[in-house]
Amino acid sequence: MRALVLSAGMGTRFRSERSKVMYPILGKPMLWYVLRALKEVNFLETALVVGYRAEEIKDYFGQAYLYFHQSNPKGGTGDAVLSAIEFWRDYQDYLLVVNGDSPLIKPHTIRNMQKYLHLVQEHEGIKLSALLLSAQLPDPTGYGRIVKDQEGNVVKVVEEKEATPEEKLIKEVNGGLYLFYCPHLLEALFKVKPSPKTGEVYLTEVFQLMHQTGYKVRSFVAEDSSEILGVNTRWDMAVVENLIRLRILQEWAEKGNTIHQPESVWIEPEVVLEGEVEVFSNAMLRGSTRLGRGVVVGKGSIVENGTVEDGAIIEPYSVVKNSFIKAGAVVGPFAHVREGSIVGKNSHVGNFVEVKKSSLGKDVKAKHLSYIGDASIEDEVNVGAGVVFANFDGKRKHQSSVGKGAFIGSNSLLVAPIKIGSYSFVAGGSVITKDVPDGDLVITRPKLRIIKDKGREKLLD
Amino acid sequence: MRALVLSAGMGTRFRSERSKVMYPILGKPMLWYVLRALKEVNFLETALVVGYRAEEIKDYFGQAYLYFHQSNPKGGTGDAVLSAIEFWRDYQDYLLVVNGDSPLIKPHTIRNMQKYLHLVQEHEGIKLSALLLSAQLPDPTGYGRIVKDQEGNVVKVVEEKEATPEEKLIKEVNGGLYLFYCPHLLEALFKVKPSPKTGEVYLTEVFQLMHQTGYKVRSFVAEDSSEILGVNTRWDMAVVENLIRLRILQEWAEKGNTIHQPESVWIEPEVVLEGEVEVFSNAMLRGSTRLGRGVVVGKGSIVENGTVEDGAIIEPYSVVKNSFIKAGAVVGPFAHVREGSIVGKNSHVGNFVEVKKSSLGKDVKAKHLSYIGDASIEDEVNVGAGVVFANFDGKRKHQSSVGKGAFIGSNSLLVAPIKIGSYSFVAGGSVITKDVPDGDLVITRPKLRIIKDKGREKLLD
Amino acid sequence: MRALVLSAGMGTRFRSERSKVMYPILGKPMLWYVLRALKEVNFLETALVVGYRAEEIKDYFGQAYLYFHQSNPKGGTGDAVLSAIEFWRDYQDYLLVVNGDSPLIKPHTIRNMQKYLHLVQEHEGIKLSALLLSAQLPDPTGYGRIVKDQEGNVVKVVEEKEATPEEKLIKEVNGGLYLFYCPHLLEALFKVKPSPKTGEVYLTEVFQLMHQTGYKVRSFVAEDSSEILGVNTRWDMAVVENLIRLRILQEWAEKGNTIHQPESVWIEPEVVLEGEVEVFSNAMLRGSTRLGRGVVVGKGSIVENGTVEDGAIIEPYSVVKNSFIKAGAVVGPFAHVREGSIVGKNSHVGNFVEVKKSSLGKDVKAKHLSYIGDASIEDEVNVGAGVVFANFDGKRKHQSSVGKGAFIGSNSLLVAPIKIGSYSFVAGGSVITKDVPDGDLVITRPKLRIIKDKGREKLLD
């Protein structure tokens, strides 16, 4: 079976200057979810009909797909399918057609529809011309209604605005995903005339034509009616994003992770939780993040493309990006570990500390108000409060290194490029501009002067 | 048509020492929402009945309204309307009466009620004595039920506790908003007797009296039954605040802005989003904030009375207050831009940086751990990590200025009042107490001393 | 009446290495909620059946309970009750049996069930053998159904998988909480045979046996059907945690506190709000926290075991732990007040400030980027931006003290142990290593050198 995804639309109601199907849902384009579902079902070939902002789509999804161009942006869904006629004209099998703005579709449902086709063929000896995904909605307003005859065959699909009062009472609605038998689709689609009102060729017109020819069309009711939700407005997108989010969260919870206030938590689809992870409210796990067993992610923390090993703790309101947090480390609260950093085993990066492109060894402490940039820090180093690794000289960035067991006193400044030796001691408040040998103490400190009664004078007089 | 808002109540169940209707919903008093709806409908005159904590209300809403005082705080709604009798006794038209604790009322609904009055007069030749807003509730428990005769006229409104078992089955309930024909209201209201139980005069008693006199009373069912929700407890307030919040969010989404996890986002009613804005979860936009096209507000950030120009990015967990963020600037994560600040075009205020009453020109970088207070910074200045503008000398605040392209080395201290020239260079760790001419380098740095083996001694012995 | 809590299960579907009933819900083990409900009802004695990870449970709950050990971890609920046979064999009264994974049970419901037993005995002259808590569910799938005879007596409880199609239509389901008349329980339970499929002895088998003996069993429908929810998976746990959370929030709102976006707020069960508290979204109040009248907790702030006196304000994104915030103080935004600290009356701890094991007197200001550790600070002290109390020398921690009215200039470093006198003045950027007498000024400042044109050279050439 082949699959065709309609993603040429402009998304007028979406009020966008970009392609609607490229808008991100949990960090991935809406269309990505549709294509992922198709990939899981394992179609022979998948093609996309593109039009509006086609390049954006092709750049993102690349060579794995065939692309067909719909030249008339207002041609309608039937015209879109015709645009890809090379893809299916000579195909003597079924073609799945789905809208690119239906990211809730489940592979499971598509497989069940495929099975249904086989069953009908086997047991009833009928080759269905089309099988439509449908849903039973308590309030079908706005959806195309599925009109059936007494044997349950689909007679036609009528849009809301063209439905008679009786048809409006029908609660089974069109889900926008179809399996078409290509020879019959070809026959019917050529007969569809553009709507006199809008000039669009509606794909859904084929069902009535098929029925009139004597072909059989059936509908297949989705188990979960939310699956058919499409995204027309940004509000729809928010609703759909929430539904996808909850699916992901429930899955991780059922695999043995604790998620508090799941409605507030954001986990993107490629994140992995290895078990016994505890995630507090408003945590946001993005990209290719991977959390080891027993990891705790505190309230509101953000991990993007991070690897966090077993038992590490991300305290509340920390941001970790493109970095590696090793087993047993503690990050935060209010810590910012930026791109290309490593926080070593059992190390602690504390509040108001920024780490950028730096590696920290084991048992390093940098607990307060520091900036560690472009540095390589060995095991057991203690970085005091207010320490700054001055990596920028106004023109370019430089590297620093700190040897094992060194102590960097508070409020001191290490001016890169610099090398601080093992077990060396940087006295508090110093500005270090020379390399420090192993085991030495380094200090820059002016004479302390006490001026009698001058304090009281400045403050009270 | 005139409007009368009842806002004299004590809100006993609200357990408050202040006036209930003055409690904030999304930063505005509950009563503000009622008055805004009336303003949109464009009433001739609007009056408020005040009593408990009257001054608080009058101070806030000022001279745009007439105020009438209800002297008996436990007089009841009928007594409240009587307290304003000067306002409507001689008025030969309709008077809208609404409770000040009904902030969900929509102007649209009021307009529809007005149209209904006209239609009835035109087509049925009847002048209704009263038209009540009502709602159909699946569970009407706790609400006054609307009892009607066979022609659909309102016979009376019965409170829950006085309803017969049959009346309790009625699902149409009183919405607490009425249009009264003043001459008939006058006639009926004078006949109402105080409740023997509570001593209160209930306004809803007039409907039965009107009916008995042969006058016609009708009800008007709200499209959206949530509209009639009143606020009796703080829990009600939380529920109502959420509903108003979602209305605002849906509106901004449908105008072409992306809002993730909208249930978590807080946007106050006077905020403006200019389109293609992307708002992440837990963002909070307050007061008169205005966000330009393409602005991104990261997770959890708070903007209060801020202007953020096109394409600027507020990274997660930043707070911006009474400030101006220019196009393309980046603020945060973990930045705090306080009152009266400007962050210039393409400038970057980074993590753990506080900016207060300061202006930053174009392309300024202040990316780490700094305090910039009472300063004026020209274009292309680089402020290192740990820099402090010392604006306070123990008695008063002073100003600083930094010229174009200057470099302020990390951990240095600029003691205000001070003037740092253009393209000057402040060496890291310096304490600057004198003005620095353009192009010069300034440094305060003690001699660096290395003491052999002293580090190892302090750390390991 | 005695109570028996079944908490021996392994929680296979929970996918845990720990005891399921010990997993925290709002910071307390699931089982704690069950035991608290029983404590409020005031049972004579309460016993727990433990098995899997028994020590964890006994360590936490201690000597207030009797413990019985179920040796067969797969023995089933009937076997669990038999494991505690010493507890109830000779008891001639009722025994409450409840699962330890049912944390939503309300004391109110248990009391009503007890009253019902009395009423039946008094008015019908019957001693019920068992009274089951039940619920009416629109969708009973997955629950045991309660089969009754025409007089309303329970005939049996059938599990989903053994129910006939007719039985599956029953909407009244077993709530997993029972009051048993011990002599009848003894008689019936010994007759129950292990399930041929699973080898487990099911407690629910006793009802059919009781009915067959001619004993009477009734069910008692919970007012709120959520009460019977048990926790089988982590997703269930998230759902149950949310329900408990909302109960707590609604209670505090109704007592006169304002809670914005309550669905986002986390208040643990032992926290106290004294009234007129205003809590913004995502606030998290943990442990034994107590908030005085009029306290404001800003968006996202976390208070754990904190005492916050009347009128104090916790600004957004602050973390307060095991500390005391006195009346009128302001903490935050972005402040971190750690263990054992006191922030005095009207003091202000501002952004990016960490306070650890320190006490601040009245009217202290520490508003920017500071680390205050192991310090005792008297009234009216001003701590500048970037100040660090260097409490660690590489080996041990030391104390500091600052006298009344002292001024600590920005970016200065106080090297502990140290004593700064009253009304003394520490000049900005100083490193203080000696005690400073009252009223004096102290300074360490190298000579300032200006090097002509060197800045321009470094930056532009």
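As written, the chain order gives the labels A, B and C, with residue 1 at the start of each chain.
Going forward, a contact is a pair of C-beta atoms (placed from the backbone, for glycine too) under 8 Å apart; a residue touches a chain by one contact, two chains touch by 3 or more.
Everything numeric in this text was worked out from a predicted model, so none of it was measured.
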Cα rotation angle, chain A onto chain C, in degrees to the nearest 5, is 120
Comparing which residue numbers chain A and chain B contribute to their contact, where sharing over half means same and under half means different, the two sides are different
So, in whole Å, the Cα centroid of chain A is separated from that of chain B by 32
Residues of chain C that touch two or more other chains sit at 263-264, 282, 300, 317, 334, 352, 369, 386, 394, 407, 411, 425, 445-446, 458-459
Within their complex, chain A touches chain B through residues 14-17, 23, 233-235, 237-238, 241-242, 245, 263-264, 266, 282, 284, 300, 302, 317, 319, 334, 336, 352, 354, 369-371, 373, 386, 388, 390, 392, 394, 405-407, 411, 413, 415, 421, 423-425, 430-434, 436-446, 458-459
Seen from chain B, its contact residues with chain A in the complex are 250, 253-264, 275-276, 281-282, 299-300, 316-317, 333-334, 350-352, 368-369, 382, 384-386, 393-395, 407, 409-411, 425, 428-429, 445-460
